[in-house]
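These notes concern the structure reproduced below.
For clarity, chains are labelled A, B, C, D, E and F in written order, and residue numbers in each chain start from 1.
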Amino acid sequence: MEVKRPSDTLVIMNEMVLPNDTNTLHNLMGGRLLHWMDIAAAISAQKLAHAACVTAAVNNVSFNQPIKLGEVVTLQAKCVRSFNTSIEVYIEVWTQNLIKGKGEKVKCNEAYYTFVALSNEGKPIPVAGIEPLSDDEIHQYKTALLRRQLKLVAAGKTSIHDTPELKAQFEKWISGEDKLMEI
Amino acid sequence: MEVKRPSDTLVIMNEMVLPNDTNTLHNLMGGRLLHWMDIAAAISAQKLAHAACVTAAVNNVSFNQPIKLGEVVTLQAKCVRSFNTSIEVYIEVWTQNLIKGKGEKVKCNEAYYTFVALSNEGKPIPVAGIEPLSDDEIHQYKTALLRRQLKLVAAGKTSIHDTPELKAQFEKWISGEDKLMEI
Amino acid sequence: MEVKRPSDTLVIMNEMVLPNDTNTLHNLMGGRLLHWMDIAAAISAQKLAHAACVTAAVNNVSFNQPIKLGEVVTLQAKCVRSFNTSIEVYIEVWTQNLIKGKGEKVKCNEAYYTFVALSNEGKPIPVAGIEPLSDDEIHQYKTALLRRQLKLVAAGKTSIHDTPELKAQFEKWISGEDKLMEI
Amino acid sequence: MEVKRPSDTLVIMNEMVLPNDTNTLHNLMGGRLLHWMDIAAAISAQKLAHAACVTAAVNNVSFNQPIKLGEVVTLQAKCVRSFNTSIEVYIEVWTQNLIKGKGEKVKCNEAYYTFVALSNEGKPIPVAGIEPLSDDEIHQYKTALLRRQLKLVAAGKTSIHDTPELKAQFEKWISGEDKLMEI
Amino acid sequence: MEVKRPSDTLVIMNEMVLPNDTNTLHNLMGGRLLHWMDIAAAISAQKLAHAACVTAAVNNVSFNQPIKLGEVVTLQAKCVRSFNTSIEVYIEVWTQNLIKGKGEKVKCNEAYYTFVALSNEGKPIPVAGIEPLSDDEIHQYKTALLRRQLKLVAAGKTSIHDTPELKAQFEKWISGEDKLMEI
Amino acid sequence: MEVKRPSDTLVIMNEMVLPNDTNTLHNLMGGRLLHWMDIAAAISAQKLAHAACVTAAVNNVSFNQPIKLGEVVTLQAKCVRSFNTSIEVYIEVWTQNLIKGKGEKVKCNEAYYTFVALSNEGKPIPVAGIEPLSDDEIHQYKTALLRRQLKLVAAGKTSIHDTPELKAQFEKWISGEDKLMEI
């Protein structure tokens, strides 16, 4: 099976916040941003899979900062890790007020989306692997497994005793070996 | 502070899947569904807060089942618990093929969204409390705190030692007292 | 032929009024509301027919009250009566300002839409009957025939002498037996 | 008060039926057409009133003929009659398949919409009168009053004894003086 | 091959500028107008070709005048000349403020779009010729050839020595025989 | 006045072609692409001007290649040259079929758009200059003046004798010094 670099799957999108994207406070509605993130992430997954990719899950997304009418939103997506037929994609979002703000980009959002690659008949098909390169990519590659296990345990579908990596992480949190560790 | 029942915040939406909502496999795109869920949940949060409510976070969402062109999607949202200025909303999604399928509703999706209530000046404001009534509502009310703590610990922002309820849950999972427990 | 209750065909939709739905006075445009009503009514008709249903006619619709930007519009549709291959659906619309108005629902609109059920080849097909239950449903069931006849007579397509029920209603209006009678 | 000809208020629109305008049978959805008719009619009313005009009512609309994906829809609207602050607009709709059909226009739809002219403060304001010219325009001008009265009587808001013109029409239908008369 | 008059291909569209069509200065976005012009011109080309017509080129378009939220935009398109399988269409755009401006139409825009007629298999097919009638139509018919040649020369695809008509025009500009001549 | 590099104004957009963007041949409609190009170019112009920028003109755009449903369209825009208050932006467009085509990008389109920078009161304001760096950027910077002059001469607004650079280019074309020269 072919192996690709995360950078091979990089997707950049820029969108301008128009009136219909906003709520009554003139901020971008969360749902519209979730939609844009899904499109950027789906294109990234398709760059890995060369097949139609459908959204299988969305991990915790936080909205740290309101995005205002007229601002330019930049989305950047790249594949983190694949698990046979599924792909985890990492998306970062920045906002920029080109008119008032002289253009500083402010990070306002990040998330992990999971996709499944499908054949033309709609059956899951295996995808290429990911070989991480930078330190960040390697860290994300490792924690992808923890996120996957945490999702199953928190959904009551798997026992912690069947997810040894997550169990180890729990024990590090409890023992204080990892005081503040992002997974 | 006023207290409301989850049922006071119930919101039902029905949407028909139109061509532009679908991908090349003629399935509803995940991003469109995330957008609809955000609107249903925001209306529910506003029923509790009587104030503008903006999306603060989206918890794990799973897409279990493809939704096809022409199907009718039913979304149901209600508030689970409030934490001073923030509100957790639970959303369930069913799909129905009224033409071929004689109308059986199939559950395809559930998620928790978190909103913050804002004043007209955009400052967070306190909202009414939630008093759960049914067994399901009571269970969700309790686990809302665990989801909130898990989000902070998994983001590396809080130590497990500052979230005693989550720590207790971790210990139950590890000891096997809770073998399969959904939070 | 199967018979259903109006409540078996109930459809509830909630929509938030966004900027692009409004005119220059910041009120919901009539045409957008007519479009939402058509979707809600079409889903209701499909719940009766279990077939594709296309709009055949729209009866008098009155817009009693402006609906403002940011308000939540609730639509409720249910089938009133079927005539072989056609179905009359009754739609009511309420508006609610959840932020300023503490949530009182104000009724702003009602209408009757008529649909025809079609086979996959696009030919009209017979649909289930309706058995009204509440007093309101029974009244609407009876007057559905009058509305159907009035439409034909006012369009110059049928003589009043071929629509005995409508003729009787005309005579009651003229004799004063029904001074103010809604049909 | 100024008087205008119907032709002074003529509005022509052409729209191409795109995928998202269609249902699962690839026909234009009724609600989309109602929306287009509302926009065409609102522009026509504004040509008479030189003020914002909001939809007050939609009279019986019939959909005689499916409109297919890719066809060109032509809408033509003109003002029929004004009643102080309200305006009745007549809309005709044709469809044309420029690719297969060599361009014959087929009439598929007609309707009357009623608008109210509003000041900037949202209060109803008087509008110019209409002076009909052609035979068709004169007939529509006369029957506009009957349609207005019929709407009130059928809604149970007015007695037939307070609408002498409609009462006379009822009597002509019953006596057979007008066997088939469109109003 | 059949020959048609430009007036046989006339298309009129009216659009109301809604909030989502505007930028942060509340003016119609240029891209939205380009889109509307493309639809009007494509319908006009299809009236000549009775075949699917796809955009092949857009000539210089100038935006002379801002178009404001709530204004009515009138587009008028007609075919100028055909070259075997391609068709040049001329589009004019006016704007009108029916509420404040008492309805004067102000011309704000004109452009030439080029389309290619395609068979169902997507191959270019020959179209009817154009026979211009009015002086303006005859002038545009003649200059259509110059615009076509100028496009090729300015793109570096053809030598001026292979486009004798354009070369003659260049010489008239240089000699001053045509001081100010629009092509 | 500040001077910027073209690369400081680079904007990349990726869009997925959805059903409603396509015509009956399942190709992306030209008007939709013109709209996307306008948004990408406007963001690029705002990166130079730090002010609202409105479309002033669109130069010859050619559509060389159909773009199919489901393909990913990449747009890249950067500023070429500014003339006091106006800015010329160059846009390139590629298409990619990630599913069938293994991801080769095919260039399908390029264009020049001109924008004017406006103050909050809607008056034109001066913008930063551009300092081209690469050979391509330097060539485009020079020919920007020719394009500007050609637009004025071809519109019959300026004499060729008032645009010495364009006159020199005409003479090079005629003399054969520049046989095939793209401007």
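As a working rule, a residue touches a chain if its C-beta (ideal position, glycine included) is under 8 Å from a C-beta of that chain, and two chains touch if they have at least 3 such contacts.
This structure is a prediction, so every number in the text was calculated from the model and none was measured.
Trainee: Both subunit A and subunit C are touched by which chains?
Mentor: B, E
Trainee: Rounding to the nearest 5 degrees, give the angle of the rotation that lays the CA atoms of subunit D over those of subunit F.
Mentor: Value: 120 degrees, nearest 5.
Trainee: Residue numbers at the subunit C-subunit E interface: does the shared fraction exceed half, giving same, or fall under half, giving different?
Mentor: Result for this pair: different.
Trainee: So which chain is farthest from subunit B, going by the mean of the CA atoms in each chain?
Mentor: For subunit B, the chain whose C-alpha mean is farthest off is E.
Trainee: Name the chain whose C-alpha centroid is farthest from the C-alpha centroid of subunit F.
Mentor: In terms of C-alpha centroids, the chain at the greatest distance from subunit F is C.
Trainee: Could you give the separation in Å between the centres of subunit B and subunit C, each centre being the mean of its C-alpha atoms?
Mentor: Chain centroid spacing, subunit B to subunit C, equals 33 Å.
Trainee: Using mean CA coordinates as chain centres, what's the gap between subunit B and subunit D in Å?
Mentor: Whole-Å distance between the two chain centres: 45.
Trainee: State, to the nearest whole Å, the distance from the C-alpha centre of subunit C to the C-alpha centre of subunit F.
Mentor: So the centre of subunit C lies 51 Å away from the centre of subunit F.
Trainee: Which residues does subunit E have that touch at least 2 chains other than itself?
Mentor: Within subunit E, residues 19-20, 23-24, 39, 42, 52, 99 contact more than one other chain.
Trainee: Give every touching pair of chains, nothing left out.
Mentor: Once each pair is checked, the touching ones are A-B, A-C, A-E, A-F, B-C, B-D, B-F, C-D, C-E, D-E, D-F, E-F.
Trainee: Going by the contact rule set out above, which residues of subunit C touch subunit D in the complex?
Mentor: 23-25, 27, 29-32, 34-39, 42, 52, 54-63, 66, 111, 113, 118, 122, 150-151, 153-161, 167, 170-171, 173-174, 176, 179-183
Trainee: Subunit D touches which residues of subunit F in the complex?
Mentor: 19-20, 22-24
Trainee: Write out the stretch or stretches of subunit A touching subunit F in their complex.
Mentor: Result: residues 11-16, 39-40, 42-43, 46-47, 50-52, 72, 98-99, 102-103 of subunit A touch subunit F.
Trainee: Given the complex with subunit C, which residues does subunit E contribute to the contact?
Mentor: Residues 18-20, 69-70, 99 of subunit E touch subunit C in their complex.
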